[in-house]
Structures are given as structure tokens and as C-alpha cells.
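Here come two complexes built around chain A, the first alongside chain B, the second alongside chain C.
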Partner chain A sequence: MPDREGTPERRRGLPISRATAIGFATIATVLLLWYVLTSATGIIDRNRFPSPAQFLAALQQIISTGYAGGTLVEQTLQSLWLVTTGFLVAIAVGVPLGFAMGYDRRIEAFFNPVFLLLRPIPPLAWIPLAIVWLGLTDASKIMVIFVSAFVPSVINTFTGVRNVDRTLIEAARVHGAGRGRLVTEVYLPDALPMIFTGLRLSLQASWTTLVAAELVGAFLGLGRVLSIAYRDINTAMILVAMVVIAIAGALTTQLLALVERRVIRWRTL
Partner chain B sequence: MSRMSLIPYSLAGLVLFFGLWQGVVSVGLVSAFVLPPPLDVIERIWTMMNRPFAGFLLHEHLASSFMRFFYGFALAATIGIPVGLMMGRFRLFEEIITPLFEGYRYVAPLAWVPFAALWFGTGIGGPIMVIFTGAFAPCVINAYRGARLVDRHLIEAAQTHGAGEFRIAREVLLPGALPSIVAGLRISAGLGWQSLIGAELIVVSSGIGYVMVQGQSNLSPSIVMSAMIVIGFTGLVIDYVLRFAEARVRAKWGGA
Partner chain C sequence: MSDIRFEGVTKVFDRGGTPFTAIGGIDFYVNDKEFISVVGPSGCGKTTLMRMVAGLETPTDGEVKVAGNTVRGPGPERAVVFQQFALFPWKTVYDNITFGMRSKGATKAERDEAVAYYLKLMKMEGTENSYPHQLSGGMQQRVAIARSYAIDPGVLLMDEPFGALDAQTRTIMQEELVRLARVNPRTVLFITHSVEEAVYLADRVIVMGRNPGRVREVIEIAGMREEEDWTSHPIDDVMEMESFTHLRGQVWRLLREEMGGDR
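This part shows the complex of A and B:
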């Protein structure tokens, strides 16, 4: 959430801002409440939610001896590799397609009706078809991630290119810019922020879809950890998997934001 | 270039899509079993509407999915919108909620399926919780943004005239934030509908998602593809209804 504009964030020489302090206090309260409700009083049963100690024990177990067919590192790497591959293949196809559709109305007219037919089908609904066609393989997961990450990257690239300032294009034309220079020096820099918005949405969609696909059926991966933990009613391990999925999602999003800052700084120099 | 002159391109795209779909099967590149041609899928939908599959007719499965969706979506809206409005109105509340909300947002909605099933079962409670976790975030974010767009002077004017917090919320904050809220509801509905399908694929044993699971274990692409079409069509109808509501709200309260 953005900070309120115009309010002093640091007052009376406090080392941290008010929002950060309250944030820490909230998290501390939640952790304390978690301890009190589980370990201290036992109000919440371990079959409903684990205690902090059980959570740490489960984390210890999956790191050292492993769970559901692999250690934490192996399970995370498996999920990470599928997300990265599916995401990269999707944007390698989606961004150029969206670009072409934004650049030329004939290309848009050609692809748009088919796109409109396929778009309402939620990505998760492709999971059973991928399994029927490709089995419980890595390929079937990459196919589903592709479908989910493809749509946002096409739509946002298309919108970004379509909204490029007309006067900018005309000005470049008047000064004799050819098609190639027009694309690299007018369209691309102007559309970049929107393209990256699309990439961020694509990445989020990739994680959501991967977790679902691995829950439906997989031999390795964080979603597999979740489903085995659910079968064993091991709530501590469910929580471990959820936390690791959240952290992995947050880290890849941060990485993408880093790339975005680099690219945009380089393009606008 | 006029719109009319683009129509041939659109037609060419559609013809090529359906032509390829039908063609690869007719030529024998892919068997009709693996990739049922378009008409076979339509025929299958018709059959499943008249003969029960996995215990029920196709539209009965759809109705049970839709009821779950409706409850989960309504719950997300009734909790999410007030939370978002309060975050926009009270700074302390915003600062307390934000770290929790940011943490929750990074957990993929479907990762809640195991806890949802353990806490509320796989009948109606669990799926509702999964839809809730999918649909909650846009409700909160858009209500918050909408509330922040409300002119502070209006709130102060209401206060000087002796309006209590509840009246301010109902008569100043809510109308001002409404265009943004309705836009958020559309996003929520899409995410909620997709989360429900995910939940039904994983743990639930009825509904349109379950039809797909059965089709998958029968190794029948035509059943799976029929369900996909029905799911996509339903999502389209939900979106259309909310789009209509959005246009009405914008016409009455102005766009944001």
C-alpha cells in the first residue's frame, strides 16, 4: 500500500518510520497469538493448525531428511525450474505477438477473434487436458503455465504498443526513421512499462497455476509437498510448503522488478 | 484503415483456427480420440446435458459449482469491501492490516486448498474458503483505492454536520468509492471462478471441475474439452453481468 502523501514519516528522530514500527508490532502480535493459541493453551488442535515448535520441526525435517520424495532444496528447485521455463517460453511468444498485434491492425484482426474465444477459459481448466495429453510430466505443467502466463503478456504488450503517442510516431517518421528504428526507438521504450506490468501478472499467474497443477498430480515439487502433507494431515508441513511458496513467489517477483529497473534505466538514458 | 476492411483478416483467423483443429484430425495427423473435432465436442456437451455423467447432468454440475462460487464471492465482497474502506479511512487500521495483507497476497490461492479442506471439509465450506482467498484481494485493494479518492472535505463537511462514522461510511465513503469497488468486483469474480475450478479439480467430488477430473481419469479429451467450454462460457456470462453493473454505476456515480 502506498504511503499517504504529505505526512511526515519520520518524527522526533525515531530510527524507523511509524508504518514500519506498527508493521513489526502487528507481526509480533500475530506470532504471540499463534504461540498462545497453540502451544501455551492448546485451544487450536494440531490437526487444525500447527504450533510454532511443530512448524520449526517440520521445516527442520524437510531440510535435512526430506519429505514427499525430496529435500526442501530439491522440491523448490523443481517448482522453480517449471515456473521459469513456462514463464520464459510464454513471454518469448506472447510479447512479440502482442507487439505485432499492437503495431499492425491487420494482425490484431487476424488473432483477436481466436483469442477472444480462448481467453474466457481459466488457465486452471487446462490442467486436466494437459494431463490427458501429456501425463503427469514436466511437459504437461509447462503447457499449463504457458497458457496462464501467455494471456497477460499478450494483452499488456498489445495495450502498451497501441497506446504509444501518435505524435511521437509521426515526429519520428518526419525525421526519416525507418520501420526498424521506429520499433526500437519509439514503440519499445514507450511500451516498456506496460510490457513489464504484463510480465509481473504473467509471473503471478505462473505460480498460481503451478501450485494447482502440482496439487492435481506430480512426483516432485512444492505443490506435491502440499498434497502429501494434506493426505497425512500434517498441518505443520502444509504451513511450511505455503510459506516456501510465498517466499519463492515474492523473490521471483522482486527479481523481475530488479530487471525492470535495469532495463528501463538503460532504455531511457 | 476502416473496420470493414479488417473483417476478412478476422474471418481468415477463425477459419484457420477451426480449419487446423478439424484438419489435423481429418488428415489423420492426430486421432479424433486425442483431439476431438469441434462438432464432436458440441455433440458431447449435448449428450451430457441429457444423460447423467458422474452422477448428474451437465447443467446440474454447473449449478452446484455456481452456488459455491456465489457464496464465496459474496463472502469476499462483504468482508473485503468494509476492510478496504476502513483502511482508506483510518490510517492506524491501514498500517496494522498492510503487513498481514502483503503476506497473504504472496500465497497462491490454491495453496489454501489443504487447510480449507481440513478446516471446512470438501463439501461446501472448503470450496467457499478457496474462492474467498482468490477473490478477497481485489475487493480490499479497490475499496481502499476508492476510499482514498473521496474528497477529504466531503468527509469533514459530514463530520461538522454531526454524522457518525457509520453514516460517513454509508453516505460519503461508499458512494464515492463505488466505481472503483465495482471494477474490483469484476477482477474478484474472475479470480474466484478460476479458484473454484482449481478447488474442484483437487478435492471436491461434484461440480463442473469434478466433471473434468472424471473426464481426465477416463482419458477422455472430449469430456474435458466440453467442461472447458462450459466453464469459459459461464465465466463470460459472470463477467458480462458485472460489466453491465459497472456501466450502470459509472453512469450514476461517475467514473474513477
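This part shows the complex of A and C:
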């Protein structure tokens, strides 16, 4: 009788730690290169790009005394709050709508024309309208994030549900499953990988849009830090804001990936 | 009592605007607890025939009746075993086997008992918490068969269930199915490409023809099996018996005539 295939542990194994080592080596090289090109040799003009020392000074400044109207923690929390709220509202509406459109062609036929009209509009083009409607408030930014994060979650959920394995649906039906069990035990789990792809794209879109919206007009937030630092021609502070945005974006993406692994546990076992 | 009655069953598909007759008027009767194998050249509509019993397709004309009732949709009294197993990848072996039982409102104790029974029968103890992708193809198909048996259906429909398995596993599964069918007799409609498999398993073999799909001939197997006592011999020995090779040859000749256009 055929036995089970090799365990997943053996298939993953060592290469991951080696990849991590190479990754650290790359980062170390880049940091070293940065130091050599700026502080050590001065090949790059420090007015164009800060040295590591300038970067650390700017970082310390924004952490302790603050910059552009708030400390680093305040600025970051403001941006995180906007991204999280906009993203959650977008997926709370987008995923169920995409699901309904994938499940029922009548619902698709009803909503599709609206999508065809709205999709070609770049999300950032909504910023002026959002500001006119809601002012330079949190609400206007959440609205723009909503618009940008909404579309990928709808489209990917729709695709995931529409492409559910027909044989599995039939297998469920011939074993007595009604509509409710079909949705929760076949459509949803089969579509989950695609739904999470949509969520990832939505989260990325949320960050992109947030920074753009804060650049245009905000009283607090990492985008605000960027725009003030740009007016001050403070390249060190620009770099600090960019790095913090990158880290915050990466952390939220990792959090989402963690949720995904929890939810789709059966795939990784 | 779960007999199947085909009454003038016709199925016409729309193939890009032009109608295509997959099944052209089939009248046939399957007795309660009878094992029927269906063989035929590809395109003869044997899968369509099975899907109409399952309620996954509706006849264009005529009726399929199971236990006297016209089939109007899928139902747990007519379980299907699919060629590609069709197990739910996100469910454990336990949850796959008991999927249909839960539709019928089985208690936890009943489900535990059924899983223990089928895993023991198939020598798969200890796999209840495994996921399908952790099992071999043969084991996956055993789970799929258990899932169908577990809801206690009057009719079992099998669409080339061993078609995706390697030859060795296939032989083992054929023997196991015979064993299972003896402890747990059901009305079975078994679709296959393999003449050996059809003759070995069935009480009667239907040879279908195509253009349009129809019943070409029905070969009786049950009588010879009883007489020569196939069930008490291993499958390899049976396949070398003269009674077996004779019936196999008979089915082969009919099939070859039907496939004439292909050669």
C-alpha cells in the first residue's frame, strides 16, 4: 500500500536559514556602501542624500522633540489608524460584495456596470473631491483609502468565488449539502487564497493612497512629515519618514500574512 | 428498495449553437442492490447517464426514476464517487467522511462510529486528522468512497473512480470494492474504461454505443461469478479463469465494434 509522501519539514528544511543569512549580508553591504559613499568619501553630496549620522540625528529629533507637529509615535499612530480604518471598512464592504457577485450572476450583472465606470479612475484622482467634500479631515483620507482598497478586494474575491472547483460543489451537493453549507464549507474555503491575495493588494493600495493623501493635505501623519521635510529640504527627515513608512507597511503586511496562515492552516500542514 | 429505471431518456446538449445528442433514448432497468458496470467508447454519454441519475444533469426527454421517484436534483440517497476524488482539501479525513452524515443530522457518536468503522475496514486507522493532500491517491479515493458509503445511500454512482490511480493500487482497490460491496450491498452504477474492471466487479455489464449514446448490449456476469465462485479467489486468479476471459472477450468484441471509427 502506498505510504505518505515526505514530510513538509524535510521539504522546507535548511534553505530558509541560508536565505536569511544571505539577506542579512545584503543589508549589511548596503549599509556599509551608504556609509562609504556619504560620510567616509563624500562622493554623494550630503545635501542630496544624508549620511548615516544625519539620519540617526533626524531620527532622534523626531522621536524625542517631534517634527511637523508631533513625535514619531504620534505621527505613526495617526497613519496606522487611517490605514487600518480605511482598509477594514473597504474589505468589510468589498469582500461580501465580491462574494455575492461571484456567487450570483444577477448580482454581478447589477454591479458590474458601476465597476466598469469607476475602475479606470486612479484612486488618487479622488483626493481633490474627498477634500472638497470632507475637508482636510481623517474622514477624507479614509474615503480615499476606501476607494483604492475596495477595488482589489472586490475583484479578487469575485474571481476566487467564480473559479471555485465545480466538482467540489457537485460533491457537496450529492452528499446533501444545502445552500448554507455550500457557501460556508465549499465556496468560502476554496476562495480564501484568492480573497487573501485581494486583501494583500488592498493593504498595499491603502498605504500608497494614505501617503499621497497626507502629502496633499494633513495636520499629522507620516505623509505630513514627508511634505514638511521636503519644504525644509531636510533629506535626513525625508529618509526617516520613508523608512518608517516601509517598516509600518511591512509589519501590517506580515500581520496579514500571519492571519492568512492561521485561517488557511490546512494548506501549510 | 432502490432500483433505477431509465424511461426513454434522451439528453441533448447545446454545442455552440448546434444541438448534440449525447444520449438517444435509453430504456433500462437496474434492480435493487445490483452492481452495473457501464463501458463504451469515449463520447458515448456514459458519464452523462450517471450524472442524470445523480441529478447533476436533467434529461431533455424521458425520465430517470430511483425507487419509483423521478430524479429532480441531487440528493444524499444517490451518492457519487468522482474520478478526481473531489475531497474537500480544507477538511480532515474525519470531516470529509462525515460531510454527508452531517447533512443528515448524524450525532457526534454516530459520526465517530462511522469513521472508526470505515478507517478500520480500509486499514487506514490513525489518519482521521490528516488532510487529503497528505494521503496517497489510493487512500484519498478510499476516503471518498467512505464519504459516500457513510450516508447510507440506496444508490452509489461511481464515475471511473480508479481511473486516476496507478495499476497496482487500482487492483487493490478493485478487490476492496468487491469486499465492501459484499458486506454492504448497494445499487451501483459503475462507469469505467477498463473492460477487466467492468467484468470483475459487475453483476451485469452495459456496453454502450455512440452517435447517439445508447445501450448496445447487456452482458450477464453474476451467474458465472456464482458458478465459478470468483469472490473466494484473488483478483489475479479470477482474471486468468476461462469463465472470466470468455466474458471479457465478449465485452471486448462488442466494444471494438463500437470503436470501429477510431481504428
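For this structure, a couple of remarks:
Going forward, the second predicted complex is superposed on the first by the 240 of 269 C-alpha atoms of A that agree within 3 Å, B and C clash if a C-alpha of one lies under 4 Å from a C-alpha of the other, contacts with A are read in each partner's own complex, and residues count from 1 in each chain.
We adopt the following convention: a residue touches a chain if its C-beta (ideal position, glycine included) is under 8 Å from a C-beta of that chain, and two chains touch if they have at least 3 such contacts.
Note that this is a predicted model, so its numbers are computed, not measured.
In the superposed model, A:Thr167 makes contact with chain C only, not with chain B.
Judged by the touch definition given at the top, the superposed model places A:Pro189 against chain C, while chain B stays out of reach.
Touch criterion not met for A:Ile91: it reaches neither chain B nor chain C. When chain A is checked against chain B and against chain C, the one touching more of its residues turns out to be B.
When both complexes are overlaid on chain A, the residue A:Val151 reaches neither chain B nor chain C.
Once chain A of one complex is fitted onto chain A of the other, the partner contacts of A:Ile233 are limited to chain B, with no touch recorded for chain C.
In the superposition on chain A, A:Ala100 contacts neither chain B nor chain C.
In the three-chain superposition model, chain A touches both chain B and chain C at residues 1, 4.
Interface residues of chain A, counted against chain C in their complex, comprise 1-5, 165, 167-168, 170-178, 181, 185-186, 189-190, 264, 266-267, 269. Those residues of chain A whose C-beta lies close enough to touch chain B in the complex are 1, 4, 7, 18-19, 22-23, 26-27, 30, 47-49, 105-107, 109-114, 117-118, 120-129, 131-133, 207-208, 211-212, 215-216, 223, 226-227, 229-230, 233, 235, 238, 241-242, 245-247, 249-250, 253. Residues 1, 6-7, 9-10, 12-14, 17, 34, 87, 91-92, 94-96, 98-101, 103, 106-115, 117-119, 144, 190, 193-195, 197-198, 201-202, 209, 212-213, 215-216, 219-221, 224-225, 227-229, 231-233, 235-236, 239 of chain B touch chain A in their complex. Here chain C touches chain A in the complex through residues 54-56, 74-76, 78-80, 82, 84, 86-91, 99-100, 102-104, 123, 130-131, 134-139, 147-148, 151, 157, 169, 172, going by the rule given at the top.
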